[in-house]
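Shared between the two complexes below is chain A, which pairs with chain B and chain C, respectively.
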Partner chain A sequence: MLEDLFSVVKERFNGEKPLDEKTEKTEKTKKTDIPKGLLFKCPRCRNVTFEEDFQKNGKVCPHCNYHSRLTARERLDITVDKGSFEEFDKDMISKNPIDFPGYEEKQQALREKTGLKDAVLTGTALIRGEKIVIIVMDSNFMMASMGSVVGEKITRAIEYATANRLPVIAFTASGGARMQEGIVSLMQMAKTSGAVARHNEAGLLYIAVMTDPTTGGVTASFASLGDIIIAEPKVLIGFAGRRVIEGTIRQKLPDDFQSAEFMLENGFVDMIVERKKMRRVIAHLLKLHKQPEEVTGNE
Partner chain B sequence: MFKKVLIANRGEIAVRIIRACRELGIHTVAVYSTADKNALHAQIADEAVCIGPAPSKDSYLNMRAIISACEITGADAIHPGFGFLSENPSFARMCEKCGITFIGPRAQSIEMLGDKAQAKETMKEAGVPVIMGSDGAISNIHAAHTLANDLGYPVLVKASAGGGGRGIRIVKSDDELEAQMTAAKQEALACFGNDEVYIEKFIENPKHIEIQILADNYGDVIYLGERDCSMQRRNQKVLEEAPSPAPFMTEELRERMGKAACTAAKVCGYRNAGTIEFLVDKNGNFYFMEMNTRIQVEHPITEAVTGIDLVKQQLLIAAGERLSIKQEDVKLTGHAIECRINAENPLLDFRPSPGKIKSLFIPGGFGIRVDTAVYQGYEISPYYDSMIGKLITYGRTREEAIAKMTWALSEFIVEGVSTNVDFQLKLIRRPEFLAGDYDNGFLNRTDILEDERSKN
Partner chain C sequence: MSELTACERLDIIRHKGRPTALDYIPMIFDEFFEMHGDRLFGDDNAIMGGVASFRGTPCTVIAEVKGRNLAENQKCNFGMPHPEGYRKALRLAKQAEKFHRPVICLVDTAGAFCGVDAEKRGQGEAIARNIMEFMTLKTPVISIIMGEGGSGGALALAVCDELAMLENSIYSVISPRGFASLLWKDSTKEREACNIMKITAEDLTRLGVCDHIIPEADGGAHNDPQLTAEYMAEYIAAALERNKRKLQKGLDELIKGRYNKFRDVGEFEELPLSDK
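Showing the complex of A and B:
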């Protein structure tokens, strides 16, 4: 009854020329123009946030705490001491080993778009004064797939750390091996793993931080070899994709399959750390694992 | 002029805005939460869009849903009313970016005036009197002693992040300063997570008197007299009147306050309707408190004494029209009083009393105005404020306005929920009110319902 109580009001007001509800509703007086880049739509929970608020929140969805992807530069900015990053192998670029059509052009276009030479930045840096070797992958460059350059830069960085007795911090993100380089990219898995093994034999600390998404050949090599494996909340971690696995084993997978939380529960990840606490946690771990000066100094 | 305006609010103010739009031939879009399906504003607007579930944060504070409603209906402007998103600079900025006219000031003005310290600083520079005190937070006890002695006791120690009367200490002499500052810091830390405090001159028994202004997009600003809102219970306004009955109020003081208010509006490039709140001491010295960047609940009393429809003016200004009223055209005649009628139980510490209105009679007559969104059978939701409506009376003199109010309150019948009608009636019969001699602390010191309580 209440719904109809006031229907007469509009009827009376509109008088002899009753407004055609339909024309009324479709008659847009002006097109509302929601500009691009104003809103961020979370790929996990599908809620919308103002881009400005999302940026202020460190690119973390305020609704579901999904830690969205950062560029390698953004990651360095929030992780290492200001101005302390010294880059290795700045100009290393890839050949086209299997003559994959369009590979050179694709790389060139991405170099211009992202300002990166390939999908990883390596170098030395300080975290609260502690010197480390840092590896940061950038998913904006061919989904940070691992080809010869990515593998080589990572291997050389780890070897530098071994030679100079430094800890390694690797922020991983990758779609897997780079198919445009065929078998060459698969070899990077063994090469990077070997470098990690020698670093490990030297008794040095390696912390892997898995960020969104860490999958394929990177998960299956150096990303999973950390002495300590950290993940950001809600990120995707896996080897093959969900549909591939479901198709192969003919079973439905759990909803949270391949989430950081699922990986933690099943022992593939040691801890989940929020972005705003990451620098503090890494600094703390570095301090705990610091080798006494006299032992290393007097050999 | 706009073709279609979306009203991002509910209750009587949404209805008030829809009525102004009707007069101007503007189509209206109401937005409502699932709890407000039967609400009057959703019923009488040309279109109504549901924007989410009952809790305000999911509906009336849901910017994304409101902008989407605007996009779907093609409204070209949003009137935010008061409360909710009306003083949210992000929302105003979002409207600006989406090409929707926000009926109110620009986002940057809201932002600047929302920051109390910055607003005070700006006003001080522009020569608008502000309450003297420490410029920003103070932590050094020696500096505090020096400053307090310069200002002269009593002084107030206030939490920088404070509000709602919490984290405030009155210090009467030098020897209690240190202890009170420590206590204020602890309270501030506990309440607001920030232990910064500042010191300012304590104004004894001040009155809250505010000036209504209108500013167009071309730099013209006029003031429309004052409203005396000193009748407050725990910082909530209960009754307002225009003009102020304070013994110190003169034509000359009104003009000085009005001009200060216009200066305040001009320095921040203010547009649309706004209110500058002043604290006034018993000698008529006035100090800038803050500026409200929206239409206010008590705007009808200014409308009554000036004859100017403020909401219509808001729409005209936002549509880019020049102010057609000049300062010399503004003439204050007669006296207006507003009583806020709430669904609450004054005997149970004014606890809200939501529920279904079983019977309702709304008074009327010459000089009587009731702005409300309730009707018989309407259910007052526990999700939102408990206002039933505003009863405004207008007379040639204050006595006439009070006489009309006394009768109108007596006629006001609401059954099904508790109301403060009897409380208001007792209040306007108090000798202090009749004498026009009350300050901001009156209702906190005086138990209006004392006799009622002793009866039970």
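Showing the complex of A and C:
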């Protein structure tokens, strides 16, 4: 465990080395036609990698260690014990609370494209035999913005955890509130945070894992309320959009602004953990937070 | 009550004579002692808070402050709070809990400030913390949207037992301008955005978010701030009375009611083929 922690800290320092000049140059020289799906271009360092190598590396940029987005299913596969995930509310879909033009059609198209009903999967699972409630957001569905379904599923999952005295692990990723649901989406911030408040008062563990991107109304609600907040390296974490801030201050922001590292430095993230170590770190933390009566049998 | 479009109401709340918390507080409360600072970083003039007396009842008032002229606006950052503003609000709310007095929040902001320092000091965390803590605050909370209720910056002071809105105020997930620029990449379509966003007090009553609409003077609060303040005071008196009665049934009931007020918002369906 301690080793894990130290290696995390060490990696953080190593990861912050400035980009060497060579890698910066390649960006300008590449401008030829390349078939789609052959290469991965890193949004953080803008370096290019063969898609195959990028996939083999667990969707992590081999140049800068940016941890790219995973689908919710991919995340579950690398996080929980095989076959242990039991999904909640798998057929819940959103209505159109403010009659936003085209919202139903947009959702329908995305359901067909992604195989998801909305932007979050919730359920129970085991991590090295420990039962947890797990919440995984999927940015492929409307940038995992939080509307009625995301809010309701997360709230129900946390309420289930409170009632059954289980820890909650939430992998957050979101562009924020879902504009198409208007004020109803804003209220999901209150709803999910309220559920966290009750889980918290019951003395139970909630670990938030911030993945790319965790922003807006999700940062300003349940994602920032974990007892422990973990982030994946180099991911985007912030409240306001970068362009909005640049518009306010009328100057360009540094590249590392609103990164996981920026949040760690400013005290809003407990630790940065690499994807390949995430499951192990979570398992250890779960073990350290086992309720005394569960350890001793009864008391 | 007048039948105006969201757009027309936007014009009213942007009227340069629109009264602000600075006008209303002396009109509504017999006494007000302002308290400064979050005890962590500093003091934010975009949020004003303190201990007040409302018709003899001690209460805590927390208000988002917009300026009435450029000098005031520079001081209060055009009513857009930084994290320390929200943390001051939480400190005062916790103080209200300790001394068993109700909290009255006056909301009026285009949104939480979007800037480098705000991000560095954890704007998201500050708002999240307020939402969570207000949800279980062991004393009644009443929130009134006075003008603009902009997004998370408003919600941080609007997790309450009762939400009221002034007749012409708006409450939205993002400012109409932001909505237009986000969805249509064109911030000049603000007026179109306004009319499809469902942001007026009537819309929000229909959506189950707003509990009471407080009338304004004819044509808007700027035409008679004193009268509008009286309407607000009447509402506050009634709301405090309602919450006192709720409290008689026990603190748990009050907090459960607050939780359910937000718990119930959301429109979804579960497909019949569900096997769960």
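Assume the second predicted complex is superposed on the first by the 249 of 299 C-alpha atoms of A that agree within 3 Å, B and C clash if a C-alpha of one lies under 4 Å from a C-alpha of the other, contacts with A are read in each partner's own complex, and residues count from 1 in each chain.
Here is the rule we use: a contact is a pair of C-beta atoms (placed from the backbone, for glycine too) under 8 Å apart; a residue touches a chain by one contact, two chains touch by 3 or more.
Everything quoted here is computed from the prediction, not taken from an experiment.
In the superposition on chain A, A:Gly267 makes contact with chain C only, not with chain B. In the superposed model, more residues of chain A are touched by C than by the other of chain B and chain C.
Contacts of A:Glu52 after superposition: chain B is touched, whereas chain C is not reached.
Once the two complexes are laid over each other on the shared chain, residue contacts for A:Lys191 go to chain C alone; chain B is not touched. By the touch criterion stated above, A:Pro35 is placed in contact with chain B alone, chain C being left untouched.
With both structures placed on the common chain, the touch criterion links A:Phe88 to chain C but leaves chain B unconnected. Interface residues of chain B facing chain A in the complex, by the touch rule stated above, are 2-4, 22, 27, 37-38, 40, 43-44, 46-47, 63-64, 67, 70-71, 73-76, 90, 94, 97-100, 375, 377-378. Contact residues on chain A toward chain B in their complex (touch as defined above): 1-3, 5-7, 9-10, 13, 19, 24-25, 27-35, 38-39, 48, 50, 52-53. On chain C, the positions that touch chain A within their shared complex are 112-116, 118-125, 127-129, 131-133, 135-136, 151-152, 155-156, 159, 171-174, 178-179, 182-183, 196-199, 203-204, 207, 209, 259, 262-263, 265-271, 273-274, 276.
Within the complex formed with chain C, the residues of chain A that make contact are 87-101, 148-149, 151-152, 155, 177, 179-191, 193-194, 196-198, 200-201, 216-217, 219-225, 238-241, 244-245, 248-249, 253, 257-258, 266-268.
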